[in-house]
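Chain nomenclature is as follows: A, B, C and D, assigned in order of appearance, with residue numbering initiated at 1 for each chain independently.
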Amino acid sequence: MASTQRFGAGIWHFATYVDRYATDGYGEPRSVIDAIDLAGQVRDLSVVDLNYPFFGGDFTNEQVKTALDRNGLGVIGITPEIYTRVFAKGAFTNPDHGVRRLAHDLVTEACDVVRSFGADYVKLWPGQDGWDYPFQVDYGELWQASMDGVGQLADENPDLRFVVEYKPREPRVHMSYSSVARTLLGIEKIGLPNIGILLDFGHALFGGEAPSDSAQLAIDYGRLFGMDVNDNLRGWDDDMVAGTVHPIELLEFFYTLRKNNWEGVWQLDQFPFREDSVEAADAAIDFLKACDRALDKMDMDAMREAQARHDAMGALRIAQQALFSSY
Amino acid sequence: MASTQRFGAGIWHFATYVDRYATDGYGEPRSVIDAIDLAGQVRDLSVVDLNYPFFGGDFTNEQVKTALDRNGLGVIGITPEIYTRVFAKGAFTNPDHGVRRLAHDLVTEACDVVRSFGADYVKLWPGQDGWDYPFQVDYGELWQASMDGVGQLADENPDLRFVVEYKPREPRVHMSYSSVARTLLGIEKIGLPNIGILLDFGHALFGGEAPSDSAQLAIDYGRLFGMDVNDNLRGWDDDMVAGTVHPIELLEFFYTLRKNNWEGVWQLDQFPFREDSVEAADAAIDFLKACDRALDKMDMDAMREAQARHDAMGALRIAQQALFSSY
Amino acid sequence: MASTQRFGAGIWHFATYVDRYATDGYGEPRSVIDAIDLAGQVRDLSVVDLNYPFFGGDFTNEQVKTALDRNGLGVIGITPEIYTRVFAKGAFTNPDHGVRRLAHDLVTEACDVVRSFGADYVKLWPGQDGWDYPFQVDYGELWQASMDGVGQLADENPDLRFVVEYKPREPRVHMSYSSVARTLLGIEKIGLPNIGILLDFGHALFGGEAPSDSAQLAIDYGRLFGMDVNDNLRGWDDDMVAGTVHPIELLEFFYTLRKNNWEGVWQLDQFPFREDSVEAADAAIDFLKACDRALDKMDMDAMREAQARHDAMGALRIAQQALFSSY
Amino acid sequence: MASTQRFGAGIWHFATYVDRYATDGYGEPRSVIDAIDLAGQVRDLSVVDLNYPFFGGDFTNEQVKTALDRNGLGVIGITPEIYTRVFAKGAFTNPDHGVRRLAHDLVTEACDVVRSFGADYVKLWPGQDGWDYPFQVDYGELWQASMDGVGQLADENPDLRFVVEYKPREPRVHMSYSSVARTLLGIEKIGLPNIGILLDFGHALFGGEAPSDSAQLAIDYGRLFGMDVNDNLRGWDDDMVAGTVHPIELLEFFYTLRKNNWEGVWQLDQFPFREDSVEAADAAIDFLKACDRALDKMDMDAMREAQARHDAMGALRIAQQALFSSY
């Protein structure tokens, strides 16, 4: 039986990038329409997550919809850009009340875009919310503001789901929503049903978490609303192609999702600075499909028994046999 | 007015150590009585945290009490050794039910020692509770067992306080109680009033946390029951002498405690493998006293105003001026 | 007697920045002239290191010279931008011969700028020379190309000094000139007298080095041609304000320089993304001056004796007493 | 054609361990004879590296030889234990001249053991040679002593080969021979032909190196005298079972050796604290054999062409196809 697993990607996967050194960018700028047309060339992509405002020009929802349709793509989420210049010292936690309001207004606009596209969620990645130096902020107030900003939006838009994507750091030296546990603590404190976690495999690795443990925890709280994958060297959010460094832990991540009957989209959050973006997406999805096949053939009962004994060698043998014969 | 700040130390500060290379130890073995007599030589030490069972011989509570009395020392906590050989694959989370029971029984004994000494808390550091390899454990079951073990003890001993000391890893590659947020999440789930956190400054640094943020969070949940300090290079739990690497963040840590009127003991958790243990404690406490004096002279209102603006340069200038003139 | 220590800064300290999230930049763009006028406002700055080509417009050497003169600034070095878009896959190690030639030509132009300003050196920071993925490159060829590129330039311009600034990574996942020892190994292999190291304190910390050990090693090979300072959390090149995280190791760095009678400029390489750049430079230089005063009062003989015994506690007490009373 | 690749292991792989927490050890103590008999149970082990003095009792070379013979094992190297209590503050770099002499004498004895067993080399792992605190040592003198200690031994025993195994840290916070480049720099300065590197895959990963790059560099200097493998999370020397975390980079490591016609033993340096040591060795060697088969089927020309373009996606596809079908 053919797998029915669906794959997605952040549309920024198909953009070009700048950083503090290559200020002229790692390629010619692309509009969101260009990026969608590239996404359409990937062999097995069903949905994308769109930044809002749409980049590279003034495009209406309709224009974007047309581009998506001609490429057979749906929209899974909308990511309001609450991490650009005006938000450099924070969106929800900015010391300036007016900027906090701007963040709220931008996300509120994004809510309408979610409704317009029938997307699954508003994705909040408050990457500028945090601090850089010792003594810089009052931590209690900062954390309260982090929760208030998200809570108010979720409260005002009960028809929508909000996902928070945590990360330890970058671009701030410390980010407010830094770990799976910290984010769950905040979500439980806010106490609304329509806030969940977007779990990025690489952010979990970067934060010293075992991504499968993070997924299980979020699932056990009923808060795993979305996920995406990539890879890195554990010391930074490198957003490399999924499976190129940590294939075993990535397989385990999908194993954990399947064990829990978590049936969402397997998304990519990669930044192919110097690679062809279509080739980078195809390479990742090919590996994800190998994982899917490996799970089909894995002896799940034997795995459970090995885990019940905390038998690392036994469990890994089962996993290696499945994965290393599935490509 | 002289400061009334009290200082403490884990009694292991005055022991000698082994590791996987120097299996013959970094010095002649010492008994707990030897260690107490060394602790008594530190200029300003009021209390100690005692491992249980007492190391280096069969000593009664009375014998230990006598040694403490002659050195003018009280007992702040008892640390049952739930991380020795029998617990190598976990105490509360061991796959073997019999070992989990052993852990429970050992801590229960330690409860009586706490009562006997009139100590403040039972300290739980389940260092072997975790995992090493991908696929080794069922994360949901492991975490549930982590909470159950602690919860049962707290439930059975409502007259006592229990503190959980989290750490990202070592000796396991991943430790179950890994971060301040994860531990609070567990404590809140257990839902008992007599479980709190023992916040180790170095463990927070090692875990990528800002220790002051961790302290504030634990305080805001009413769960900061104890703390200790040391220093490291952020990549491992080096247990170096406090203030030798991160003096500014250590000052900020004490600033955060004072701001919240947290009035407990400032403890040391150092492992002076190659240093004289009395000298290492004196060096740390001298720095802690400098921090205390710096806080006395710091312009708290100006600090609050700088923090309200997220003004790192302004806040740091206030902190530097206070600290760098207080030694 | 007043100190005669001179201070410098990379001119980019006074620019604004972009990163992959705030693609609209952390402030209004500034030209090199704007930046020089800001640098002139710093209380004690003598020299700057200039990017080439000059940023923010078409400026002649003369226009830049005029701006420098009116701000009382000299030029210590020129940094050709061999890390922009065209060099995304490497400058000296680019797989495309034509791009390698472009790098060579740009640096050759920069040599003339060095001559024009009477600067001390051409600074080479081949940040794009390296690799991202396993299996991506032939390591032997890549390293040979790294040495050939630098060697050819030094050979063709024997009247000039070239400094290589190493860093473990960023923007590549692995950078070719990654550590002090690797760079010295390369320089010794090239075998020319006019190539040295520009030692960045933060890059050494980031690479797990002790910056003082790195400085001593480079000095012992006669290759410490320049240095700059900043601070970070050891896990990334944060380019934070010097002394805000690691004041003791920064003092030790200057101690090492003084002990060896190394008498160059103390430079800043900071990226104040969200801070006022003049204030950030002033804050750093104020700390550097405190270090200078601390060294004046430090008991150098006692320090040497403590170090001869590897007596960490004794040595640190001397250092702390000097530093923590010098602000 | 059957592979002729030979496999080896450090004999400590089959010992039990202590650490600073489980001071009663992770199992019953074993003698070197016990360990050899366990090593003999591993399916495909040809040689071992022996600690000297032999652990767990007073054994003669003959007794050890008898045990090796009955298990069909040869000796590849001897590792003198220059990292026990007496050497806590250093072997070659100890501040006490008498201790430096003890280190020299112990290694000299080990030289005779090498001769007696016809082993390939004396392995030097000066794990206590380094420092812990800022200001603790004079870095220039420490490094000179590191080179002098090794150089004198190599000079006095020109009939033998010496290998230096570098590591960034542990048990010292900074180890003197810290990286491949630093070690090569020292070896080249010493200038003797009979000193090389024992490259530990995990130490290279831990140090932020790409192990294949490290191997290539050591080979290009004619100094790769030995190697061993294991795995870790890049932040510590976890000595986990090879291939369980970084299978792709481990394959690349063997690819690099084969490309250079490096034909030594593939050794294990694992510490199975909580695993059955025979099972842990079998698991690793099974993966190593899969790598060997993968290299047999890999299209080497296509790989070279991809690498000539720095084509990460193309190169990785070749590697993944080979490895993920070879188990």
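Note that in this section a residue touches a chain if its C-beta (ideal position, glycine included) is under 8 Å from a C-beta of that chain, and two chains touch if they have at least 3 such contacts.
On a predicted model such as this, the values are computed, not experimentally measured, just so you know.
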Problem set entry | Length of the shortest touching-chain route, chain B through to chain D | 1
For this session: Could you let me know which interface, B-C or A-B, is made of more C-beta pairs in contact?
Result: A-B
Exercise. Based on CA centres, what chain would you say lies at the far end from chain B?
Worked result: C
For this session: Could you please state the distance in Å, as a whole number, between where the Cα atoms of chain B are centred and where those of chain C are centred?
Result: 39
Exercise. Between chain A and chain B, what's the gap in Å when you average each chain's C-alpha atoms?
Worked result: 35
Exercise. Residue numbers in chain B touching 2 or more other chains?
Worked result: 89, 132-134, 169, 208, 233, 235, 241, 244-245, 248-249, 274, 312, 316
Exercise. In the complex formed with chain A, which residues of chain C make contact?
Worked result: 17-27, 83-85, 87-89, 127-128, 132-134, 169-171, 173, 233, 235-236, 238, 240-241, 244-245, 271, 273-274
For this session: Within their complex, state which residues of chain C touch chain B.
Result: 208, 233-235, 241, 243-249, 274-276, 279-280, 283, 287, 290, 312-313, 316-317, 320-321, 323-327
Problem set entry | Interface residues, chain A side, partner chain B - complex | 89-90, 95, 131-140, 143, 168-169, 174, 178-179, 181-182, 184-185, 188, 207-210, 212-213, 216-217, 219-220, 248-249, 252, 255-256, 303-304, 306-312, 315-316, 318-319
